[in-house]
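Input: structures, listed below.
What follows is chain A paired twice: with chain B in the first complex and chain C in the second.
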Partner chain A sequence: MKVKWKYSYLKKDINEIESTLHKVVNSSQPILKNASVQLLESGGKRIRPVFVLLSAKFGQYNLQSIKNVAATLEIIHMASLVHDDVIDEASLRRGKPTINSTYNDRVAMYAGDFLFAKALECMSEIEIPLAHQKLSETILEICLGEIEQIKDKYNFDQNLKCYLRRIKRKTALLISASCEIGAIASGASPAFQKCLKDYGYYLGMSFQIMDDILDFTASEKELGKPSGSDLIQGNITLPVLFAMNDLAFKEKIESVYEGIDPETVKPLINQIRKSTYIKAARKVSEAYLQKSLNSINSLPNSEAKEMLILIAKNIGNRKN
Partner chain B sequence: MKVKWKYSYLKKDINEIESTLHKVVNSSQPILKNASVQLLESGGKRIRPVFVLLSAKFGQYNLQSIKNVAATLEIIHMASLVHDDVIDEASLRRGKPTINSTYNDRVAMYAGDFLFAKALECMSEIEIPLAHQKLSETILEICLGEIEQIKDKYNFDQNLKCYLRRIKRKTALLISASCEIGAIASGASPAFQKCLKDYGYYLGMSFQIMDDILDFTASEKELGKPSGSDLIQGNITLPVLFAMNDLAFKEKIESVYEGIDPETVKPLINQIRKSTYIKAARKVSEAYLQKSLNSINSLPNSEAKEMLILIAKNIGNRKN
Partner chain C sequence: MNSILELKNEVITQILHTIRHPYLNQHLQAPTIDDVKVTLLINLLKEHNFTSDKIVHYCKALMIHQIALDTHEKVSTFEGTPMDREKKQLTVLEGDLYSGLYYDALSKTGEIGLIRELSYAVKEMNEEKINLVHEQFSSLEDLFNCITVIESTILVHFAKFISAEESIKHIEQECLMSRLKKEFERFSVENCSDFISQFQRILGIVDLTKTKEELSKIIQLQN
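Up next, the complex of A and B:
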């Protein structure tokens, strides 16, 4: 989700978030320090902090207070990535070695816990109970999603509802929470909070569906990993769900199971890539995108609103 | 840390905490539900909730509000046990199968995350910023301790300071936080908060040292695991630290390394059990206990204070 910083809007503030992030994850414990800095410097688009800041613009914007919320949301995202990499046995993340591969699963588990705790410490600066309640609700739902995701792997009988609930918990909830908590923490009106929460939710759904499409259609170079990795790892995404309406295809795909040679899956990946199912999935992503834009229709015109629209449109056109 | 409920004091309130715990960890997700209930029903002495309640007695005691704090502290303790069992590859906890052994490490990792998130959700009912700050500071220190503990295993060159810092993070901090946050949440005076915090800290230190002694001196039946398990797993505790002042013994003990046949360690365990080092360690535990009692000297006389004293004295005499 790359964003062109039109008019360099917010650029200074984003730089401040970056240095806050470095300060927050710092530790006198050398393993944790190295692991966290490695994770921070491997990039990431800091899209959650951006949403926190933009949403805060609809209340009393105060960078010194809102930057803690922005850092919290990004660090929670980082913590969940660290634990997910253990589960997925991933050796690379954004082209850099993961913590589980550099050290081991145990260090990665505790490093994730550490980041999580750092996020809470950072958030404890904010003295608005509603913000804390929304954050803990969100984290809880994400945890539930993580367990469900283990269960859903290689389950070829799941339906659309199951997929949508999974991507909601995997992606949409934290983006939605970034927008909503940004609005709450800056004292934006409840009506604005609701608009921004919905915007984030629909945008997150659109974004993840597009991500799942690109996993088939983008090149290995664009993805930084082999095309069709999701299917190879047993993750049933929207294009696959659509493709399985063709029962002959479903039969073929059911032979894909954990531990199978990825080469065997390649013809199936190619078949999906060229299919109309990609187009159908794209339509779903676009529908969510439109809902996202509609959600903020009633917000007052401002640079922040313009940026939110720009980011949403960017997602529709992205290539990786 | 079994406590005789003199005059059945607090018994009704503790029952209420028990049902709160069951309500809080409940989940519609079957794996998480089973895992959490299994953990709850495997017992545990609920000593952290007891400290929360007793400390709250020094402010405006309100069970309906304080029960959330009590449940939070116990669930954080449970979450850390689940992750520790993954690290230690433990198959039994309080005589019941651990989550990692019933399911696998992945489920246990996310189950720990889930419990942690549940604890936060429970705590978000409390609208006192200071309570949240103390809690997040505590969790952070505990996480740091967990990483250090991995590093310290089989490190025979560690000193007393290193050991004390480790047991502080492993045990004393969460007990201290239970007392302090119980006092904060009930609006007890800052002076009372400090007394109770210190009491919990010193008591936790004394308790853990006694635990480390009993690991050598108690029978397999009393412990529910082989005597000397700590040393077999490479955990250097106070009796071992003292024993290593004898350089001949140190040399022998350094041959104990990961993966060694536990039978080889048995003579060393027997040697420590019968040594004066046990007595020396017991003296340290007693000194902490005395400090713990001194900390609450200035608290007003009350049933709660009596219970705190009773619990402390109980620790000095416990057999398992």
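Up next, the complex of A and C:
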């Protein structure tokens, strides 16, 4: 999700968030300090803080307070990435060594737990129980989604509902929560909170479907991993689900198993890439994107609303 | 429901009910609920005249948090086969899920101040956990201080939260003793742990029998 923040009226506030992030994750323990700095400096588009800030613009915008919510959402995301790298046994993230590869799984687990605690400490500056309830519900759903994803690996008897629920938990909920909690924390009206929550949810769904499409259509260079990695790893995404409606296709897809030589799967991946199923999946993504835009129709016109629209359109056009 | 035993049974029942998950239960060992910590917490809350409902609520939230962090201790023990790999993946997520359940329990009752206090505790705990693996302690006192923080910090911060500072020393001693006993039992089976490595290095011993003797002496002294 790339947007040119340097042209944005949020630039100053984003810089403030960046310095808050550095302060919050600081530690007197040298390894934790290095690991946290390594994470912060490994990039990341800070899209969740941006959603928090933009949503807060529809209430009483107070950066000193809202920056805690923005930093919390980003640190929770960072903590989940650290633990995900242990799960995936990943050695690189955004081209840089992961904490588990620099140190080991134990340090990565401790660092993830440390970050989660720091996120909650930061969030505790917000004395609004509803904001905490929304965040805790989101965290739980995300964990349940990840467990579900492991359970459903190489399970070719999945349906669309199952896939949509999985991507909702995987991606859409945290974006939706960023928008909703930003609105709650700034005291935006319940009607605005709902608009922004829906915007984030539909946008997250659209984004993840597009991500799943790009896994087939983008080049290895653009993706930073081989095309079709999801299928090779047993993750059944929308293009594959559509393809499985064709029984001959389904039979080929069902021959993919854990540990299969990726070269064997290449012809199948190429076939999906050139199929109409990609186009069908793109239509679903576009429909979600449109729903996302429709959700904020009733919000008052403002720079924040324009930015939300810009981000949504940017997602619709993204190439990697 | 007034006796310690009744309260303990209720706490354990509620914890098991809250953390149940069919897929995790099917693939992973049931988590251990630390009996010493549950008893310490119940006693602490009873001494401060909390109602049974409140005792169960706080014990449940705090112990789920403790289980979450203990669960993550198991992650590095899985290596090798795809089955082990899936167990490792699920163990990471199991701990994360329990952390989420703890936060959910306290946010539902709006206890934001307690969430803050326990966040300090977890920060300290993880700093000390890394120190235990990577630092070279120069004395047994430093090593025991590290272990005391790891084992007791959640309970200690909770005691501060309910203004029960007078109980902190007792909590720290009980938690340290409990860990030393666990290390002694574990040593008899595995012969190694981060604690034992530090312990042997500080005392300049490598011999297993001698290590066991020294550890046993210290446990008796602490008792």
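The rule we apply is simple: the second predicted complex is superposed on the first by the 317 of 320 C-alpha atoms of A that agree within 3 Å, B and C clash if a C-alpha of one lies under 4 Å from a C-alpha of the other, contacts with A are read in each partner's own complex, and residues count from 1 in each chain.
Heads up, the rule we're going with is that a residue touches a chain if its C-beta (ideal position, glycine included) is under 8 Å from a C-beta of that chain, and two chains touch if they have at least 3 such contacts.
Please read all numbers here as calculations on a predicted model, not as lab measurements.
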{"item": "Fit or clash between chain C and chain B when superposed on chain A", "value": "clash"}
{"item": "Partner chain in contact with A:117 - chain B first, chain C second, else both or neither", "value": "both"}
{"item": "First (chain B), second (chain C), both or neither touched by A:177", "value": "neither"}
{"item": "Touched partner set for A:232, first chain B, second chain C, both or neither", "value": "neither"}
{"item": "Which superposed partner A:32 touches (first chain B, second chain C, both, neither)", "value": "both"}
{"item": "Common ground on chain A, meaning residues reached by chain C in one complex and by chain B in the other", "value": "27, 29, 31-32, 83, 86-87, 105-107, 109-114, 116-118, 120-121, 123-124, 127, 129, 132-133, 135-137, 139-140, 142-144, 146-147, 150-151"}
{"item": "Residue ranges of chain C touching chain A (in the complex, touch as defined)", "value": "21, 23-24, 69, 72-73, 75-76, 82, 85-86, 88-90, 92-93, 95-97, 99-101, 103-104, 107-108, 110, 112-113, 115-116, 118-123, 126-127, 129-131, 133-134"}
{"item": "Residues of chain B touching chain A in the complex", "value": "27, 29, 31-32, 83, 86-87, 105-107, 109-114, 116-118, 120-121, 123-124, 127, 129, 132-133, 135-137, 139-140, 142-144, 146-148, 150-151"}
{"item": "Chain A to chain C touching residues, read off their complex", "value": "27-29, 31-32, 80, 83, 86-87, 89, 104-107, 109-114, 116-118, 120-121, 123-124, 126-127, 129, 132-133, 135-137, 139-140, 142-144, 146-147, 150-151, 258-259"}
